[in-house]
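Structure in structure tokens, see below.
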Amino acid sequence: MRRLEPAARALVLILAVSLSAGFISSGCGGKSSGESGYSGTVNASGSTTVLPLALEAATEFMDANPRANVQVQGGGSSVGIAQLKQRIVQIALSSRELQPGENDGTFVDFRIAFDIIVIIVHPSVPINNLSYDAVKGIFTGKITNWKALGGPDRKIVVVVRDQASGTREVFDEKALGSTKEEPVESVDSAIELNSNGVVRETIAATRYSIGYLSYGYVDERVRPVSINGVAPTVENSSSGRYPIARYLHMFTRGQPSGAAKGYIDFVLSDQFQNGPVRREYIPVKKVQKR
Amino acid sequence: MSARKADRIATFVFTLLGFISIGILLFIILEVLGRGLLTAINPKFFLGKPEAMNPGGGILPMIVSSLYLAVLTLIVALPISVGAAIYMAEFARKGRLVSSIRFSLDSLATLPSIVFGLFGMTLFVVYFRWGMALMAGAFTLALLNLPILLRSTEEAIKLVPQTYREASMSLGASRWTTIRQIVIPSAMPGIITATILPIGRIMGESAAIVLTVGTFIRNIPVNPFSMGAPLAGYIWFAQSEGLTPDYRKIVNGGAAFLLLLVLVVYFLARYAGRKYQEKKLMGARDGK
Amino acid sequence: MRESLARSLIKGDKEAYMKLLLLACASLSILGILLIFLFITRESIPAFVHIGFKNMFLSAHWSPITGHFGMVGFIVGTLFTTVIAIVISAPLGIGTALYIDQIAPEWLRTPVRRGVELLAGIPSIVIGWFGLITLVPIVARITNTSGYGILTASLVLVVMALPTITTLSAETLKSIPQELKEGSAAMGATRWQTMYRVMLPAAREGLMVATILGMGRAIGETMAVQMVIGGARQLTVNPFQPTSTLTTRILTEMGEATGDWRSALFAMALVLLLLSMILIISIRLVSRQRRVAA
């Protein structure tokens, strides 16, 4: 056997490190036997908005129930609902209500969080309130300058979410009045960003910009705007006075059982609701019955 | 303008351009490392598990995914590249077939990586029903890196002195035996050296793998047909989703770590290449 | 050769089997590119059937939810960012190559070359992140806009295309016969005159190939551009306005697109495939010129 060249040595080193890292780490954190708790595999997929919550819940649930295995994937609300219908998954994550035709009569709806979409502007925009028409005009490109609304003579920089976003879907539906039959499209010069976090960063840094965020993301660097005099608070949203809000859902076919039930129970538990859910959304219990 | 003056201006301009190019390199490295190095070298970070919503996540499964993916890709790509290179270096004659092969390789080399990602997604993830999997990425990246692997391997084989082959054949060995016993072992150091650099490229690839391998996993992947989350793809995912409150810190750290990884691989490849050159020179000197 | 190979195979000659196996390996490249072409075309057919060539390639109105799939805006985005990027990086790259080859002192030559190689190895996602957190704020401050847009995307593409152009140009310059360079110097020409009158003409084809390959790099870049271009759907040639390229649109929408929308994205991939082929053929044409001239 030829003496290994330095090059070969380097290659072997890289391979050895990666394989050992894999084996060592997979060795740790192995499931201990004989634990009580739920067992079995649960597959969930759907909304990328709900995904982080679902992933977080899955992690904590699996920590508490080592014999359970919860697999969560994204793909979008529509994909999740379709996969639920095809029985590829047991739970569909959705950031919207079911559309007519999607529910074949067996779907059960678990509301797991409440989300308020807040319209925000950069502090340079001296406006605290907008009418519905103004909002629609701005985001569809009919109003292009802040002076039309009593603001400074500056072009409005519109920021929206990407096409796959559940947040965008709700905004388009509830603020722009977009429907399946008559969809309303945002202005095509709008900056499209992929997440609440990046939207906030961009609006906080761009003068004369306007956009929308989930309630939990609003911080002091951006200014929330009231719509028709109604402020985007939990109270106003749950009473329906501020309508740009929605529930986040987990759908199942029929009542869930086994690990799926355990998982959903955990998501609805006080511990999870007052923990991760509260960080970015509003716990369901806080919302009055609508 | 006198010729001397023009010469001086030209010298100044081109020197400036050269320095700008290096300046760009240094600027990027300094910015990325400046923002993320402290996070990257923190064991809690590179040995920790990622978080979906909470701060304090780590990137260990991502690092393992990247390395694992590189290994899998090489396992798939090397035999094919070496085989193809042997053919091109030893047997190929000018003709339509060889021209087609060269043209295909050029095409593969110029194609955008996202097209490879779409192809890999359509074929391996959907059609073969593997789902998002490290192996899907491995095959996709093998195809993507085929041109460069083949070229380097071919060069290594061509560098084997013709005298070796002639000596072997004159001793009665068949063509195939010559290749297997003499040419390949002689070219092996060159082949291995040429393989190290693509490792860096594989770990840095993101567009082709976010559609085929995955962007987020909690645990270290073991099954090659399971989903992975190579670091390059995870960085993009983390910055585009911005889910955890500290996502900027995580992306800074991830980017810095990836940069370090690539730098290490690059210098390793250079070092190995140099040692190989020295060995060749010494071997030539001893008239072996 | 093929008849003898077939005859050998029938004879059961082991060597012939081996040769066939190796040939199969080499032919995988042909299979690869054909498969890619096939699959992309197949997935894009529904778009051509349901949406139509005119609505996709002669319209800039991209709005999947209202059923519009005009991608001209993105084609323009791709081409425009590429052109600006090449206009900057070609002189920069060729100039750097000239510096390395002719002007740099011996001790600087290798480090600069290695530095450029290193730049090539930096992952595009890292460059994209750098663009997002460093370039976007700078551009925003200078131009008083959001900082996202064609200009920032082009700057990022400069970083990606530069190493390709520089390295290939340097190789080309190095391959110019030494006698040509020395002959010019012997006649009393200054370094610049040698470069201008002798080297650049001699290297013309190689430099063109380097530039075309740099273009290929720019056209195909996805990640880095996606993070800084702003993702707007509009057709614009204003460098300070956000827009999208073919690659970034595919990346951001593929995850959620279904049906005809998804098929339209594959049609975009087909356009990218075509652009790559155009580049390769251009390179072949340019190289053939050189062979004829020689």
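Each chain carries a letter (A, B and C) given by its place in the written order, and its residues are counted from 1.
Simple rule for what comes next: a contact is a pair of C-beta atoms (placed from the backbone, for glycine too) under 8 Å apart; a residue touches a chain by one contact, two chains touch by 3 or more.
All values derive from a computational prediction rather than experimental measurement.
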| item | value |
| --- | --- |
| Which of A-C and A-B has more C-beta pairs touching across its chains | A-B |
| Greatest separation from subunit B - chain, by CA centre | A |
| Chain centre separation in whole Å, for subunit C relative to subunit B (CA means) | 17 |
| Distance between the centres, which are taken as Cα means, of subunit B and subunit A, whole angstrom | 35 |
| Contacts with 2+ other chains: residues of subunit B | 239-240 |
| Residues of subunit A engaged with two or more neighbouring chains | 48, 194 |
| Interface residues, subunit A side, partner subunit C - complex | 48, 74-76, 78-79, 157, 159, 162-164, 172, 178, 183, 185, 188-194, 202, 205-207, 209 |
| Complex contacts: residues of subunit A adjacent to subunit B | 2, 5-8, 10-11, 14-15, 17-19, 21-22, 25-26, 29, 48, 51-53, 55-56, 58-59, 194-198, 201, 276, 279-280 |
| Residues of subunit B that touch subunit A when the two form their complex | 51-54, 60, 63-64, 67-68, 70-71, 185, 188-189, 192-193, 195-196, 199, 216, 218-222, 239-243, 245, 247, 265, 268-269, 271-273, 275-276, 279 |
| Contacting residues of subunit B [partner subunit C, same complex] | 3-4, 6-7, 9-11, 13-15, 17-18, 20-22, 24-25, 28-29, 31-32, 35, 79-84, 86-88, 91-93, 97, 100-101, 103-108, 110-116, 118-119, 121-123, 143, 146-147, 150, 174-176, 197, 200-201, 203-207, 210-211, 232, 235-236, 239-240, 248, 251-252, 255, 258-259, 262-263, 266, 270 |
| Contacting residues of subunit C [partner subunit B, same complex] | 1, 14-15, 18-19, 21-30, 32-36, 39-40, 43, 91-93, 95-96, 98-100, 102-104, 112, 114-119, 121-130, 132-134, 159, 162, 166, 189-193, 195-196, 213, 216, 219-223, 227, 247, 250-251, 254, 266, 269, 272-273, 276-277, 279-280, 283 |
